[in-house]
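Two complexes come next, and they have one chain in common, chain A, joined by chain B in the first and chain C in the second.
And now, the complex of A and B:
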C-alpha cells in the first residue's frame, strides 16, 4: 500500500491533499504541523551550514515517515533547493527509513510530461484528463486562497474582533471536500463575502510595510517566528508578494518585469527570488511604503547577494529597511526588540512627515 | 506637590533609575549592579531612590526599558514599556537636540542610532556575537587582574597598542593570551583591547552607516576613556560623552512615561511578593517555555507561548 507524504509550507497543505486525494488513489499521511520538535529533528540530521528550509523539510519528512509514510515528494527549485533531493534522500536512507523519493522538478526545470510519468508510477491507473481537471481546480484553489490571504494581510491589524483568521480556517476546511470547480467557486465567493463583512477600523493614513525575502521563510509563519502576527498587533498594513500562485504561475512573466524595472541596479538574474526582491523593493519605495522588512533563512546565498542592492535602493529613496536572518537558533527576544524599535522609528517618521506637511 | 516621573533601565549588567521633573531635570539617579536578579535589583534601586527624597514629590508615571523591561514593567505596573533603542534616542535628544549619531555600547549589546532632524532614521544592533561589548571587556579585565575602573587609564599610557583579532570573543581571548605569553606590556595589551572594541563595533554594527557629527557616545563602556580615545582617533571626529551617559536609557524612558496619561504611584514594592515560575507546556510538541508571573501569589501574566492558549494557575 502506497502512503504518500509531502513537505509543509504555510496553509498549502489543503490544495496538496486535495490534489493527491483525487489523482493518486493512495493513502495520504498528513505530516504533523511544524513545531520545535520538527526543527530539532531537522537540525540534528542536517549539515550545519545548509539553509534552514532544508532542515524544516527534513524534519517534516522524519515525522511523517515515523507515522508510516513510504513515498516522499519534493519539488525542487532554482537555488540550492534544487539539490535538496539527493542529499535528503541519502540522509533519510542512512537513518534507516525505507521509502521512495519522488522529485517532481529536476534540474530546475518543470517538465509536465515527466511529472505525469512520475505520477503514473505511483498510480498506474491515472488518466491524463483527470490529472488536467484536478490540477486546474488545485491552481484555482491556490489563487483563491492567496486572494483571501492578501485581503487578510491588509486588514488583520485593524479588525475589531478577531474573526478573519477563523473564517479563513473554516474556508480551508470546506475547500478540502469541494465536489468540483463550480462548488469550489461557490465556496470561495461565500467566504470572501464573509471576510469582507468583518468590521474593519482602518485609518486612512495607516502605516504600511512590505515584506520581501527568501520564499520559504516568507511563506511559513513558524520559520519567521510569526512575524506577520507580530506586525498586525502594531496595527500595520502588510504587503507580501511571494505566495504559491506567484511562484507557480506568475513568476515567469513578473520576474522578468521586476528585473527590467530594476535594471539600474542589476543586469542578470541572481538565482531564486533575489532579482524579484530587488524589483519589489524598488516598487515599494516608489509607492512610498513606510518601511521594508527583508527576511531570509540563514545561509541563503541568493538573498545575501540581493541585500546589498536593497540597502542601496532604500538609501536612495530614503525608506527604512531592516534585515532578519532566521535560523533554528535565533533568539526570539532579539527579533522582538529590533522589530519594536523599527516600528517606533517608522511611526516617528510618519508623525514628523505630517507635521512638516502642515507647515 | 511636584509631579515627577520614574524611568528604570534594567540591563544585563547594571540597573539604572532616574527621577525627573516636568522639565526633564534629573532630581535623583541611582546605578547598581543587576547581578542576574532583576527583581531584587529593582527593589533595592527603588529603596535607594526613595531615601531622602523630597516629601512633596509625587511619582505620576513609570517607564521601564532594557532587557528585563517586561518583567519589571509588570511588577511596577509601568505605563510605558519600551525597547532600549527608542529610549536611548529620546534621552539623548533631550540633551543634544542637534545630535546626528548615537554610539551605544552596553553590557551585552551594542547599537548605533542615526538621527536626522530629531527623529531616528536608521539603527543597527549587534546580531551575532558579544565581542565588542562591555561583557567582553570586563571578562578580559578579570583575566588580566585589573579593575575595570582602571582599564581606561591604563590604556592611555600605551603608545603601541597590540593588534588583537577581535572578530569573536573566544578567539580574541586566545589571541590575547598569545600576546601576553610573547611578553607584551600589559598597557599595550589593554590599549589593544580598547582599540579592537572600536574596530569591531565599526565593522559589525556600524557597517555601511554614515557616521556624521555631532556624535554622542554612551552606555557603560563610554566611561572607559581608552575606548573613547580610539573612537576619536579612528573616526577623526569629536566624541561627546555626557556625564550622565550611563543613564540615558533611563532618562529617555522617564520622558516617554511623562508623555502618556498618568496616574499616581506609590513606590511601596518592598513587601510585595513577586514570583516567577517557569514551566514547559506539554500540550503539543512545541513545548513552549512559559513564564508565569505571580504578584502576591496571584497569576497576573504569562508569556512565551506560541499559540494563544489560555494559561491557568
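And now, the complex of A and C:
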C-alpha cells in the first residue's frame, strides 16, 4: 500500500492533500506540524552549513516516515534547493528508512510531461483529464487562499475581536472537502464575505511594513518565529509578496517586471528570488512604507547577495530596513528585542514626520 | 594612443578564465592589470566592504576589486550563469557583477555566459573589443587563436597531473574550487604543508573537463553545478590509484555544503574535509593534515 507524505510550508497542506487525495488514490500520511523536535531531528542529520529549509524538510520527513509513510515528495527550486533531494534521499536511507523518493521539479525546470509520468508511477490508473481538472481546482484554491491571506495580513493588527484567523481556519477545513470548482467558489465567496464583515478599527495613518526575503522563511511561520503575528500585535499593516500562487504562476512574468523596475541597480537575475526582492524593495520605498523587513534562512546565498543592494536602495530612499537571519539555533528573545527596537524607531520617525508637517 | 587598462581581480573567475583573457586581450592594444596574490590587506578590505554572511571567496574577490579601483580604466567582471541547464553555477557567479556594481562606483566591463539563452563567451569578449573600435573579423580571429593556445597549455598541465599518478609517493587527490586551491591565503599554505609531508598532490581541476563532467554522474545522478561536477568527477577517474582525498572549501560555500556531504557518505577512500573561514589559524589545519597523512601512510604499511 502506498503511503505518501510531503514537506510542509505554511497553510498549504490543504491544497496538497486535496490534490493528492483526488488524483493518487493512496493513503496520505499528513506530516505533523513543525515543532522544536522537528528542527532538532533535521539539524542533527544535516550537513553543517546548509540553509534551514533543508533541515526543516528533513525533520518533517523523518517524523512522517516514523508514522509509516513510504513515498516522499519534494519540489525542487532554482538555487541549491533543486539539489536537496538527492542528499536527503541518501541521508534518510543511511538512517535505515525504506521509501520511494519522488522529485517533481528538477534543476528549476517544471516539465509537465515528466510530472505526469512520475504521478502515473504512483497511481497507474491516473487519467490526464482528471489530473488537469483537479490541478485546475488546486490552483484556484491557492489563489483564493492567498487572496484571503493578503486581506488578513493587512487587517489582523486592527481587528476588535480575534476572529480573522478562525474564519480562515474554518474555510481551509471546508476547502478540503469541496466537490468541484463551483463548490469551491461558493465556499470562498461565503468566507471572504465573512472576513470582510469582521469589524476592523484601522486608523488612516497606521504604520506599514513590507516583508521581503527568502521564500521558505517568508512562507513558513514557524521558520520565522511567527514574525507576522508579532508585528500584528504592534498594530502594523503588513505587505508580503511571496506566496504559492506567485511562485507557481505569476513569477515568470512578474519576475521580469521586478528586474526591469530595478534596472538602475541590477542588470541580471541573481538566482532564486533575490532579484524579485530588489524590485520589491524599490516598490516599497517608492510607496513610502515605514519600514522594510528582510528575512532569510542562514547561509541563503542569493539573498546574501541581494542584501548589499537592498541596503543601498533603502539608503537612497531613506527608508529603514532590518535584516533577520533565521537558523535552527536562533534565539527568539534576540529577535524580539531587535524587532521591538526597530518598531520604536519607525514609530518615532512617523511621529516626527507628523510634527514636521504641522509646522 | 595610450593603452587601455583593464583590471582583473585575482580571485573567482580569474582562475577559470585567466588564460583565455591573457591570450585574447594580448592581440589588442590593451593592458591587463592583475591584482597581486591575496595578502592580509586585500582580505581585510574585502571583509570591510562585504556583507558578513558572504562566503570567504566572495569577500576575497571584493578585496581584490577594491585594490584595483584606482589602478585601471575598467574592471572585467563576467557573469557566468550556465553552460546549459545541466551545468549551472553557484548563485554568487550570477550576482557578482551586480553586487560589485552597487558596492563600488567604478567602470565595469561585463559579459554574460548563458548557453540556455545562446550567450557565449566568444560573443561576449568580441563585443567588448568591438566597443573599443576593433573590427569584428579581427576579434574573431584573435579569439580562435586564443582558444588554441589555451588548449595547448591545458593539455600540458593535464598531462603533468596524470603523470603524477605513477609516482611512488603517497598520493592525495585534492578537491576544491581552483579559486580556493590556488589562492595565496586560502589554499597555498595548505598545499605547501601537504607537500612537506612527502606526498604527491593530484589536482581535481587538472583533468579534461568533459570527462570529469560526465563521470560525476557515477557519484551523483542529479548534480547540476558545473564546477562541482568537474571536481567530483575526478574521483571515479583516479580512485584506484590514490591513497586519500582532501576536500578544501570556504565557509559557507553553498554547493559544496551539499555535494561534499553526499561524497562523504558514498566514498570508500579515507578523506579529510577542511573548511576555511576568515579567522583562520594554520596550526589547527596543520595538525589535522599531519594526522590524516599519518593514517593513510600507516594503512599502506600494514597491508
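Throughout what follows, the second predicted complex is superposed on the first by the 359 of 359 C-alpha atoms of A that agree within 3 Å, B and C clash if a C-alpha of one lies under 4 Å from a C-alpha of the other, contacts with A are read in each partner's own complex, and residues count from 1 in each chain.
Keep in mind that, in the parts below, contacts are C-beta pairs under 8 Å (C-beta built on N, C-alpha and C of every residue); 3 or more make two chains touch, one makes a residue touch a chain.
Just so you know, these numbers come straight off a predicted model, no measurement behind them.
Participant: Return first, second, both or neither, reflecting whether A:352 touches chain B, chain C, both chains, or no partner chain.
Facilitator: In the superposition, A:352 contacts chain B only.
Participant: Identify the partner contact of A:129: answer first if only chain B is touched, second if only chain C is, both if each is, neither if none is.
Facilitator: It touches nothing on chain B or chain C.
Participant: So, does A:320 touch the first partner chain B, the second partner chain C, both, or neither?
Facilitator: first
Participant: Mind working out whether A:337 is in touch with chain B, chain C, both or neither, as first, second, both or neither?
Facilitator: First partner only.
Participant: If you stack the two complexes on chain A, which partner ends up touching A:37: first (chain B), second (chain C), both, or neither?
Facilitator: Touch partner of A:37: chain B, not chain C.
Participant: More residues of chain A are touched by which partner: chain B or chain C?
Facilitator: Between chain B and chain C, C touches the greater number of residues in chain A.
Participant: Would you check which partner chain A:85 touches, where first means chain B only, second means chain C only, and both and neither mean what they say?
Facilitator: After superposing on A, A:85 lies in contact with chain C but is clear of chain B.
Participant: With both complexes superposed on chain A, which partner does A:226 reach: first (chain B), second (chain C), both or neither?
Facilitator: First partner only.
Participant: Could you list which residues of chain A make contact with chain B in one structure and with chain C in the other?
Facilitator: Shared contact residues on chain A (touching chain B in one complex, chain C in the other): 325.
Participant: Quick check: in the complex, which residue numbers of chain B touch chain A?
Facilitator: Residues 67, 82-86, 117-123, 125, 127, 208, 284-288, 306.
Participant: Going by the contact rule set out above, which residues of chain A touch chain C in the complex?
Facilitator: 47-51, 54, 79-80, 82-87, 90-91, 94, 103, 106-107, 109, 265-272, 274, 298-299, 301-302, 304-309, 312, 325
Participant: Can you list the residues on chain C that touch chain A in the complex?
Facilitator: On the chain C side, the touching residues are 50-51, 53-55, 79, 81, 85-86, 88, 90-92, 94-95, 97-99, 101-103, 110, 112, 220-225, 251-255, 257-262, 265-266, 275.
Participant: For the complex, which residues does chain A have touching chain B?
Facilitator: Contact set of chain A toward chain B: 32, 35-38, 226, 311, 318, 320, 325, 333-334, 337-338, 340-341, 344-345, 348-349, 352.
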